[in-house]
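The structure's right below; bear with me while I get my questions together.
Naming follows writing order (A, B, C, D and E), and every chain is counted from residue 1.
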Amino acid sequence: GGDGGQTTTSTSSAPASSAAKAGKVGVILPDSKSSARWETADRKYLEEAFKAAGVEYDIQNAQNDKTAFQTIADQMITNGATVLMIVNLDSGTGKTVIEKAKSQGVPTIDYDRLTLGGGAAYYVSFDNTKVGTLQGEGLSKCLTDKKVEKPIVAYLNGSPTDNNATLFKEGYDGVLKPKFDSGDYVKGPDQSVPDWDNTQAGTIFEQMLTEQPKIAGVLAANDGLGNAAITVLKKNNLNGKVPVTGQDATVQGLQNILAGDQCMTVYKAVKKEADAAAKLAVALAKGEKPTASGSVKDPETNQDVPAELMEPQAIYLDNVKDVVADGYVTKEELCKGDFAEKCTEAGIQ
Amino acid sequence: MNKVKELPGEAIVTAAEAPSIRNSFLAYVQRVRGGDMGALPAVLGLVVLCAVFAAARPAFLTAINFANLFTQGAAVTLIAMGLVFVLLLGEIDLSAGFASGVCAAVLAVTLASAGLPWYVCVAAAILTGVIIGTVLGSLVAKVGIPSFVVTLAAFLAFQGLVLVLVDEGTNISVRDEVIVAIANKNLPPWLGWAVYAACVAIFAGVQLRRARKRASRGLVADPLSLIAFRVGMLALFAGLAVAALNLERSRNPALVSLTGVPIVVPIILVLLVVWTLVLRRTGFGRHLYAVGGNTEAARRAGIPVDRIKISAFVLCSSMAAIGGIVAASRASSVDPNTGGSSVLLYAVGAAVIGGTSLFGGKGRVLDAVLGGAVVAVIENGMGLMGYGASVKYLVTGSVLLLAAGVDALARKRAAAAGLR
Amino acid sequence: MNPLLEVRGLDKSFGPVKVLHDVEFAAYPGQVTALVGDNGAGKSTLVKCIGGIYPIDSGQVLFDGAEVHVHSPRDAGELGIEIVYQDLALCDNLDIVQNMFLGRERKNGILLDEDSMEELAEKTLSGLSVRTVKSIRQQVSSLSGGQRQTVAIAKAVLWNSKVVILDEPTAALGVAQTAQVLELVRRLADTGLAVVLISHNMNDVFAVSDRIAALYLGRMAAQVNTSDVTHAQVVELITSGRSGELGLKNGVTP
Amino acid sequence: MNKVKELPGEAIVTAAEAPSIRNSFLAYVQRVRGGDMGALPAVLGLVVLCAVFAAARPAFLTAINFANLFTQGAAVTLIAMGLVFVLLLGEIDLSAGFASGVCAAVLAVTLASAGLPWYVCVAAAILTGVIIGTVLGSLVAKVGIPSFVVTLAAFLAFQGLVLVLVDEGTNISVRDEVIVAIANKNLPPWLGWAVYAACVAIFAGVQLRRARKRASRGLVADPLSLIAFRVGMLALFAGLAVAALNLERSRNPALVSLTGVPIVVPIILVLLVVWTLVLRRTGFGRHLYAVGGNTEAARRAGIPVDRIKISAFVLCSSMAAIGGIVAASRASSVDPNTGGSSVLLYAVGAAVIGGTSLFGGKGRVLDAVLGGAVVAVIENGMGLMGYGASVKYLVTGSVLLLAAGVDALARKRAAAAGLR
Amino acid sequence: MNPLLEVRGLDKSFGPVKVLHDVEFAAYPGQVTALVGDNGAGKSTLVKCIGGIYPIDSGQVLFDGAEVHVHSPRDAGELGIEIVYQDLALCDNLDIVQNMFLGRERKNGILLDEDSMEELAEKTLSGLSVRTVKSIRQQVSSLSGGQRQTVAIAKAVLWNSKVVILDEPTAALGVAQTAQVLELVRRLADTGLAVVLISHNMNDVFAVSDRIAALYLGRMAAQVNTSDVTHAQVVELITSGRSGELGLKNGVTP
């Protein structure tokens, strides 16, 4: 919701004594611009979970600013947080924050992104490389459906300064590079979009298309970039003919899928992730020592970090309804105006 | 007699000989050699850039790329045109980028949720710009906070405002056909030619009328031959541009035809003409230059300095609103980054490259358009080159420096001659 | 005769520094009042207070017998007070014509009427013996000191004002130009305007003025008729604040 | 006699009465009422801010938060201190933020890959800053490209350079203990007190020596009582600060003890004193002000204007390098965003809020520190408030405007009195 | 006697406008040379060419008989040429002492020696009849017109230079101050310096100068000994470029 940021510090709900006993959870989200999920989904679900557990919490957003990230961490500990849950902006800052928290006796949870060498108590995430893999697989599926011979594939990568973008790229490169090498596909232009800026993405893609008019598939790293590419394709009446990928299952992306302009998006069931993380945090805040279902190896320290890992899901036209069924987007926002008909066709109730 | 003619002070308080093509040309050459370059350095920089890119990538010179250039550079150019007003005063507006984002978001939200007709939504967006400008201008002029600080604060606040408007980070699609057409559709070729014809005719008419009026007052007026030459040059270059844009540039002409002048082009042209007229031929424009040149002198001449300042901010934010509308049209969506990242710096850069001074008192709207063209060409060319992120940043920086360097060296000669 | 412009008990400080003390001053229509005083006596400050450049601390300004509050140069202009300041205040980035009509441009509908402004400017300037200006479309930044001064004077006399105040108008002018300006000053007064002339040149003062007001260290030492005093007396008033019967009452050691 | 005393021009070309505590205080009050505010508006804004935040969040006033403030604001403050030199000239350096990123990256790379000792790496980082400054300064002073354009180009190029240095988007950890200590460790309490004692002693010594020298020349000198008062005030406030920082601020004192003055504090103090001395007491500093106040006058006085300009850019970039080192230390890592996002705007904002003019000729290094404190307090306080993303932007903008508004209104009185 | 400073065949244009034509000019040690001419004649431009402010188009500048190339005010200063420009060029953001020592600060190690500069500035200023300056630590932006001019003059005479050029130094000065400056000019010449004085005031010119050089519309009309000409002749030279035998050869209609 739009008021996601209004009152995040619950001060009144729980009685002071029990709150003191239960501790307080500080959550730092990374930004609000690369993806809508942080402010619209994660914040909401985490708040709900903490409220239900009667634990005090403080959720803030670092706006992609490392300095602010550290400052917020400092301030949360100052404010009495006993558990810290972070989505790091980069491992270096993340590690500093984790170590500082540790030195103050505050355990941390890595949320969504693993802090390399950080040694957080728990790790809860989607696998970002897996997201990229799904995108790569999705694009090749759509290209196969379109029966294009030796298609030229263009990359519209995320922000060059965003480590996640690097991970996504690893994922889809893993799928597509063998095909380039084998000559099934032809590697087209490959550019990154500063700050995930959709306007710049438009220009960049337009120029790709000018230089290489035969682009037959676009691997766009998220729905916003995908939409930028689709706008340019529309201008050239190529929309629907050139498959485009996406990520985040935004209303915009899903609508583009319904309209047939976008081939797929990747849906990350944020609620599951948030619930799992909140469960761990609440337990830690209450002084318990919860166990996680799995673990991952920190490649830097070679230590196992207890982890809860979620599976991202590829969304095509035929399973758009899953996202609605999950409550991640509502039917009202998705099936507005012209899309009502398409929704019915796609079987969305 | 010969010797006497050379004496300065001869042609006292009157313009020299009657102008003709030849005389005008000679005078121009002399002016340039003497250091008064006008738009020449910027044009020179532009030509160098285009040559470099055309040599590197043949696609740069295609009709489709020529058309791309206009739509790609439109938003930044429009914002830069507005910034000229504020820069003329020696002030700055750091928030112009995000102001365009706010206005674009207002447009998108009213279009999407309220379902109002497009013109109401456009009016709402521009009104938002006017309000923003009024607030910023009043804080600068009446409260006296430095514009850098006011607009830095606004830069932060507007980021928040955009986030609120777009629901904390979602993208809002813009699907209204009229709005989307602005940056994505073209005039039908015949209309392009019609507009072209009208422009040339009006230009010729204005020039002729002016000359006749001056002649009738006994003032030095341009002769017919010179006017014919000017009109001819305009007709030639504009005609070439229209012809190029009317070429078929579809990749699949059988499937779909893509021809015509992009709709933003006449929008920018009209605004360019209007603001140039305002700056050069109205009292408001004159006062803007005066305040920028010497605020104290303007105040002593009875010019309402505060009002002029506020108006400049209003114009700047309104132009930002129009830029935001074009950006929203082009992306067919509005997101929290609309107007963010490099938009502002590029816009100020465009104005400055064109020759507008950050100290006020010097600049033209045309400068912003030329500078905007430089920025657009760089972005466009770099997109074609397909460099990786880091190389792209490095090369973009160097190319910008190159274009500005050509300009600076040309102007340096003027300064060396003792002219400012 | 009643003064057209009158100042009563004017005080003005800059921060801790008091520059004008209880100053009285009057200018009469049809007369040239010379305002004299040593460097730093406060002449320009007094003029700027009248012109609304500086706010006054206390005291009254009367115009045509009625008290007026001049808060800005705009107010002064509306009353019909036209001033040539010592620090000329021209816009260097504008040309001569533009500067001369600044703030009172002639219009033709909403557009400026450049042609008629150009004509009028040319006429006014040539009346002031300006012979070396190449073009009246020249930027004022490229003018010589005297040329700038002439432009500023021309600007002020272009309007139908009731009071004209000139702060050292001839300081940078050549011989011929000075003569022209003095003649102009006389002519303005003869047409019924109240003219105030600030000058350090006693010859000029005695040549054109009807009355002399002498400031001494921020106080008005004396306001006398020019015909009642001698050269030497005025110089004494300027340098020591008193001369015989005239001047400040209490002995002042300079 | 009384009347005569009031006359201006009495105390001709000499300072007034001999200063004493009472006279100094009265003179100060009179100066302030007359409009000459000095640092007062900025301090006032700071006090208002602190009061607001302390009222809203009691945690704001804790020892741990006080210590946080210093480390949080250090990097921006250091960059702002460097920017003062460039702003004094009426120039701007948009690239200072990314220049700090480049230097930090150089530090991290040399530390990580070459495995050199920390002081060599720090020297390399600062040298990088010097080189950057020389290049930028030469382009501005010798080639004559406007600094806005040069540094905008550098802003782009340096982004690319950082990316190259950190290998396209990964980040490099900084593990060297000395470097990490700069922003993350504290002086032992006894050393804090020792530094404190030394500072107070030196200050007292300098003041006394100066007064004695002036007295011996027959010039007006400060009396002992006034000097004692000044030294006492310094001793009091600095003592309170050191005492507060020496409080235990660990949340878990049993687990780990956390006391002492953060190491960055003496670093900033030393730089503040050095640069203040350079600006106020050396020929270079005087020339910097002169060039900023009136370039032409400075040139006519025989000042090598180009050299001064280049030096200012060198100092600015070097300070950016130091800021980058502190930022790298605080984050214990360097990534492509180091020095990016809001760093530059905050740094310029800090300098301007403190009272530095963007038109040149007016500003002090202390201004940058005060302005940096305002920015740090806002960030720190906003962190405590726990707003959501959009609200935070909105409130931060408003708070910045509030602080600057207090300042502007205070200064407006000065302007109204006819002082500039 | 050989001239200390000599200009030969100097041409200077601003863009298309030719301001100085083939100008010859000489200043001798121990003499005051008055440079006169109408407004816009080119006096200030000539001085700025000598001072290295403007590059010259062609011609020679000789110092002590040897050709010199003055590319910047720094070069002029190093030769020992000190100039008070008409557009005073003070730094408004600095105080009086700081302006007076600008570019030639006294040092004490690497730090500035403020005390000795303050002392010296005070001494120099009081020698110029400046009585209304509140404090020599005042910013020059708050000075009156005459006070600014005095500071500029004091600044120029503070140094041991060989040539001093003063461009309308007394324009804004009061009676007493003018007298002091003229006396100073005479004193400087008497100590062997070459002094060039630009002035529109014929009384001043005849009072102190040994030689007079008259510029007319950018050309040197005549260089004569003061004792050889009359007041009226000089005015004629200024306004029409010739007077009897003297002046430009070809008839020039003004």
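Keep in mind that, in the parts below, contacts are C-beta pairs under 8 Å (C-beta built on N, C-alpha and C of every residue); 3 or more make two chains touch, one makes a residue touch a chain.
By chain, with names taken from UniProt: B, D = Xylose transport system permease protein XylH; C, E = ATP-binding cassette domain-containing protein.
Here the structure is a predicted model, which means the values were calculated and not measured.
Common neighbours of chain B and chain E, listed by label, are C, D. Distance from the centre of chain E peaks at A, each centre being the average of the chain's Cα atoms. More inter-chain C-beta contacts link the pair A-D than the other of A-D and B-C. Distance between chain centres (mean CA atoms), chain D to chain E: 43 Å. Once the centre of each chain is set as its mean CA position, chain A and chain B turn out to be 39 Å apart.
Centre-to-centre separation of chain C and chain D, using mean CA positions: 46 Å.
The geometric centre of chain A is 74 Å away from that of chain E, both derived from CA atoms.
Along chain C, residues 14, 17, 40, 130-134, 142, 217, 254 each make contact with two or more other chains.
For chain A, residues touching at least two other chains, in rising order: 4-5, 32, 38-39, 160. Across the assembly, chain D contributes residues 8-9, 163, 168-169, 388-393, 419 that each touch 2 or more other chains. Against chain D, the residues of chain E that register as touching in their complex are 51, 53, 72-74, 77-78, 83, 85, 89-94, 98, 102-105, 107, 110-112, 114-116, 118-119, 122, 125-126, 130-137, 141-142. Here chain C touches chain E in the complex through residues 14, 17, 37-41, 44-45, 86-87, 130-134, 142-147, 150, 168, 171-178, 200-202, 217, 235, 238-239, 254, going by the rule given at the top. Only residues 1-2, 4-5, 32-33, 35-40, 160, 189-192, 194-200, 202-204, 206-208, 210-211, 213, 223-224, 227-228, 230-231, 234-238, 250-252, 255, 336-338 of chain A touch chain B when the two sit together in their complex. If you check the complex, the residues on chain A that touch chain D are 4-6, 8-9, 29, 31-32, 38-39, 43, 58-61, 63-68, 70-72, 74-80, 89-93, 95-96, 100, 103-106, 117, 160-163, 165-166. The residues of chain D lying in touch with chain B in their complex are 90, 92, 94, 139, 143-146, 148-150, 152-161, 163-164, 168-169, 345, 348-349, 352-353, 357-359, 388-398, 400-401, 404-405, 407-409, 411-412, 415.
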